[in-house]
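The same subunit A turns up in both complexes below, where it pairs with subunit B and then with subunit C.
Take a look at the complex of A and B:
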């Protein structure tokens, strides 16, 4: 690592700048005299043509753990891997539709069970080694190998059977499914094609988990993404350089990406990201909270802030509906009697002032939410889902029907009593690092006080919060947020299915605990194998209705995607899907390149 | 004489300050937990005497603030309608000093709400929160200091009057306690407690924990005083006349410790108020929505609040007069103690 550090200064000034001059200044035919461009099937991107050169600096909240897609589980690693690797078929983050990537084209057989994928010719990994069908075969063998424990494995198991992969010729691969799969070619998005020449040996030695650490030497790691590893300084930054073999070009035939370097600075938290952006140390910022967004918007000096509209994050409250059997304490049993009462949950939902949450927590940059599908998802939301207004009367009526009553205190405050005459008291957990959700909890606490419920808000560090909810299951209620990574229902599958790990109110059930959970399971599974969008949508709409009727999750609000960039950045178009601003990193360019490059 | 005058002055100042906080219900215009969701982060309103047309009003008035179109935290003054301030208005119910049910407030507005120190993220009145928060923080300081001093007095008296192995044991224990990094001990203790504690229980927990941790220093001071008092001539004389242990202790030794204890109290109270604030600031103290000076300041941990809303800092200023008062009291108590000693030497009292 030290060696790499020492090399940094001279190394990035000379070779990369020279290289970029060579590549971009002259016409392509002169820049690559010996390479046969015609044989390389580049993907031509439409849109604004930029200018080459310069470096782009962004910040990351903390360090990524690895560069290896096989073991990456944290969001930061995924963000970095996203710009270093490429997939066969890619979901365009702006249009939310699939488009060809490493695959030039694909064909789905009439029975929907086999996918034939044709690779682009003449592609190379970032270290210059050619890509062919064997790399694809190797990649999927590794993903499906149980001993590797890749997080991608679950996605490749369709109705209990792994997908099989067959090579038809050097550039054609056939995928065989056990059952029709509604998700279709979206399946391939995010599945990075790995370099066989680098990983086959560690794979055979069973050491795949160790490869791809951040300290890997730059020439020992390669990918098909727009950038490749250059330098890593622990605790400070990760520097990536332009992949000279990248397989996309702009409308004029210039090879992408435009910028020479992409730097990730590691900062401790969101506020530090704001400070770095404000001081001009970073060029772009995303995943901003509304309050920080308005701070940055107030004094726009040399940068522009963008509100990309509603995203896919949904925030919700849920009650502990786990059945711990005999181990449940009497107090918990008493509380769960309320929580299991659907009218109680509906009453809580009716008493939540969602509009106030949008105004006070998101400063109007968000949307109230009544279902799991956030408004940023244009295709899958159920428009007919009821949006009952904020009403204490309705909440009180529901509670009365469920056998609750009220007793009046001396100061005019009323206390809600259950059918046994015990006061209704419970606590809501929130993550202490998320100010937005803590605020939602404080607002709900006040709303529920109007119903006579005594609610306490308990901020907890996010790791131990998750532990309580999914492991020890010792809590009353909890506020959480989940951001879908794709618009397709597939990305929320583990929330929907009663066997899923994110089925938070009662995760990883062996058998569905309630008839409506069983019904949702059936609808979701059926939806997965339905062939047409209309069929899937109908089933998915019904699942949303059942969820809204039973309110195991009380949906609150969905924030807008807020981002900002210096005015000198061209082609900046934040999307509502992850990675919000880096999705078109290969097209980003510096309008006055020299200024940034010399810093 | 001069010392006594200064002392009285500090005592009166502190009395007034504590009175205001003690009668928070009367001085605060609103209930501290009441949310006005239409006015988040509203800046402090100003008193006016002259309106936009240049007319003079004998009764001070304020202008209501309205959210600027399309904004969520910027306000404009509605200068067309001056809102005269009413005194001794009927308003939200509260209990004076914790038991007397009451509805009168010192001031208020008839049609809209008055926010002299602005509002927080939920539109809660900062002034009301500051006053009610003072009750929590100051009471924590007073009770905590009370606990510390009683423990310190007992242990110090035992160590001083018995001496021997008891003395060494207690004093080594005191040294151990003084060496403890108390903030981290508090963290650790708080982490062991159940997750959801009601505000009242949380409050007493903090007081007990703060009170117990600090006994070592006063115990050592009391021990020193007891040791020296034991050997004083008049004590020896009384013992010679056949006074019992208990009588000597009650009549002669204990009164000697009073000046040390009072000075310690004046030093400890602000220290403990600060300790409560630190814990609440870090989210380990009294939970929301109950105000305390610490959790009033805790929203300043967010950068956006720090740079956007200056009135959120005001609670930090509010504690300055209290601290000055207590420190002044401590120093004049010390002076008095010194003067008293000299006088008693000279006159042989």
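Take a look at the complex of A and C:
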């Protein structure tokens, strides 16, 4: 695994030059059914050459809701759409960097305001209709239309102004930004280019939301991804077939994807997913918990489990720092006096045994966390961020400095008292559907007891939890986790900015409540429009340091990405970015060819 | 006839009441479907607000109920936020699968419970009867969930049963006979789990009702006339004991239906269970209400059927309702 990624890295420094020089050691090619490609400008992927044919079966934790990228709001729909659609520029999930996709090349003007994108020629949608600049124009018109309510719209608003799109010629499109945008071409990742020939009519009739439902006939839906719709059986499965017009080929010029069919089985329950994988009914499994991973690892029969290392999910505790003004109850006022004390938060952070969390919650398959950037994020972490050791002494010293004291109870238990002599007691909310976070809360409860704090853990159903935290804001502390969708810090922008909805300890502020929040706002805004990676990294490192000093979020741990596949699956290389195992689905193949197809 | 009309009236009121309660409870649950979008850093709060307004989530409850009722009367069960489409087609496909499971389980459960209960009543107090009582008691205390998971583990270990689901991946390519076989194979585990979970209740009731009538003078008289035991039990004792059992039949449909919602989730059976669970967690309001209404409808339908059976089986009811 390591060797392959290393290879990729060096070859991708200058893709266009090196690609042709790349030498492959793979099994000799067997006769491919389709003719070699001539006039289309295909993207040639380096790497192991596979064999065509067969079927891949994976399970989804539930049904996708739609095939329409314009309305997909849930992870499952997005996972399915991910293999049916394609974007102009794509973030390679293994290297975490951009690479050409539908765009053959792109150029950013010196002022960073205009992006000229050249499309590959001769490309076709999965229904055989040609792709040209008009499709791209149409796509962005739809995304930006306020009446469509596409979630993509908000990504395309740069400093309050929508990006404008202009057609230069049949295969060239120019995007104009109001302000330089630090993320650069990463912006285009995940923005599926839509088939104008199918969607223009529903768009004009205002019925775009009804298009692409799961019940759509296979010939009424098309995309540019490696697979296209074949059959949907309500509540049971979604069958996709190979897109014969897909625009990638392997190093020997064979058109991808290798497998003929990709089947998503809907399995609503994690344990049932494990059983299905164990019994050989599914070929791959991902998003595994540590317990299930070790069970599967213990009895490997014809499959191999892979630990891809820490992912981008970060789990943290935060205190309620909202200012409800006069409506705040006296009790809440008293509690918030502690919560607002930075030394109190630092003490809590010092008292948390993060290594124990990794060991007991993730069975060692995770990483302790001291900052917002998860260890899976290779480029953006701040190595200089302090990793203070777990220490009750330091925690006690901090509390003492902040005016807290201790009283000894009759049975030798010490109770932490605030400066008014009141005992320190609060509750931590966790989501009842996430066993990992409930365990973290229990471990923290134990750690904080050593400081004399009395902590209750309150598991809540996840919507109720969200309601409490973001709407009624009636809680003391809460443990949550966020999984970034990209390695670039901009994916977490609404966590950083005080006006952001995910600035959970005090969301959607009109003005930054504290000087350090104002400073973070400034740094993040500035890095948004900085041009070079180095500039951005410097600003972003500083923001991470401020966050670590002030501890509005007490970072706990980050789980590893755990996955598994049958030994017969070739090119299986799980990544730490979503979609963990399907990101290179076009390259996955069955080593024993079509024999594997029928079970 | 009047009996039927009265029963139908009851059923209608039950459905109406259930719909009001369903609406109330879903409204009481904190949070809405759109809350999770707020947590998605890619979606601006203004977009969420616009969506909320578009779907009328913020309107007062009676107003929402009235407009929902109006659309139901026009044959439209409402709109699913998650699927971005009408609710009825979603429910109909899954309700069919749930019914298949429930009806099969009901038939099997009764087909096993009746002879077992009669057999046990005949041996009242003997060792075999007591063993059966113990057995049913043990089954009664095992939670459905444990039962289903246990069966799934058996399936994985033995390798001869599919681990959940309703059909194989290549179902469409099979011949009709093989399709039937495939379906039956997939049904074995969930049906077994459901039958095992209701069996103890049914066996115990059958045993008690039959044991009650076994002491009746007319049976002693029949015994005295030298009528064979088997005929006596099934031709005379069982019909006499049928009355409470028929009522229990209606009730057992309800038990199996609610049991099947759970079993479906565990065994990935594509019925109402997984859909409802997901809709409840996601606050997909009208799917929840529609699903609850469908379940109530089956329950009420089952009870109505039991009432009809009772009417047919018990001359007293016929006489009573005709006399009025």
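Throughout what follows, the second predicted complex is superposed on the first by the 558 of 599 C-alpha atoms of A that agree within 3 Å, B and C clash if a C-alpha of one lies under 4 Å from a C-alpha of the other, contacts with A are read in each partner's own complex, and residues count from 1 in each chain.
Here, a contact is a pair of C-beta atoms (placed from the backbone, for glycine too) under 8 Å apart; a residue touches a chain by one contact, two chains touch by 3 or more.
All values reported here derive from a predicted model rather than from experimental measurement.
Of the two partner chains placed by superposition, A:166 touches none, neither subunit B nor subunit C.
Contacts of A:439 after superposition on the shared chain: subunit B is touched, whereas subunit C is not. In the superposed model, C is the one of subunit B and subunit C that contacts more residues of subunit A.
With both structures placed on the common chain, the touch criterion links A:73 to subunit C but leaves subunit B unconnected. In the overlay built on the shared chain, the residue A:271 is in contact with subunit B and with subunit C.
Judged by the touch definition given at the top, the superposed model places A:95 against neither subunit B nor subunit C. Of the two partner chains placed by superposition, only subunit C is touched by A:154; subunit B is not.
Once the two complexes are overlaid on the shared chain, A:493 sits against subunit C while remaining clear of subunit B.
In the superposition on chain A, A:502 contacts subunit C only, with no contact to subunit B. Applying the stated touch rule to the two superposed structures, the overlap between the subunit B and subunit C interfaces on subunit A comprises residues 271, 275. Within the complex formed with subunit A, the residues of subunit C that make contact are 29-32, 35-45, 47, 50-51, 54, 82-85, 89-90, 93-94, 97, 149, 152-153, 155-156, 159, 162-167, 169-170, 172, 265-268, 270-271, 274-275, 277-278, 281-283. Here subunit A touches subunit C in the complex through residues 55, 57, 62-63, 65-66, 68, 71, 73-74, 146, 149, 151-155, 157, 209-210, 213-215, 231, 233-237, 239, 263, 265-269, 271-272, 275-276, 278-279, 281, 433, 461-464, 466-468, 470-472, 482, 485, 491-495, 500-502, 508, 598-599, going by the rule given at the top. By the touch criterion given at the top, residues 271, 274-275, 289, 291-292, 294-295, 298, 353, 356, 359-360, 363-364, 410-412, 427, 429, 432, 435, 439, 442-443, 445-446, 456-460, 475-476 of subunit A touch subunit B in their complex. Considering their complex, residues 33, 35, 37, 40, 72-73, 93, 95, 101, 121-123, 195-198, 283, 287-289, 302-305, 307-308 of subunit B touch subunit A.
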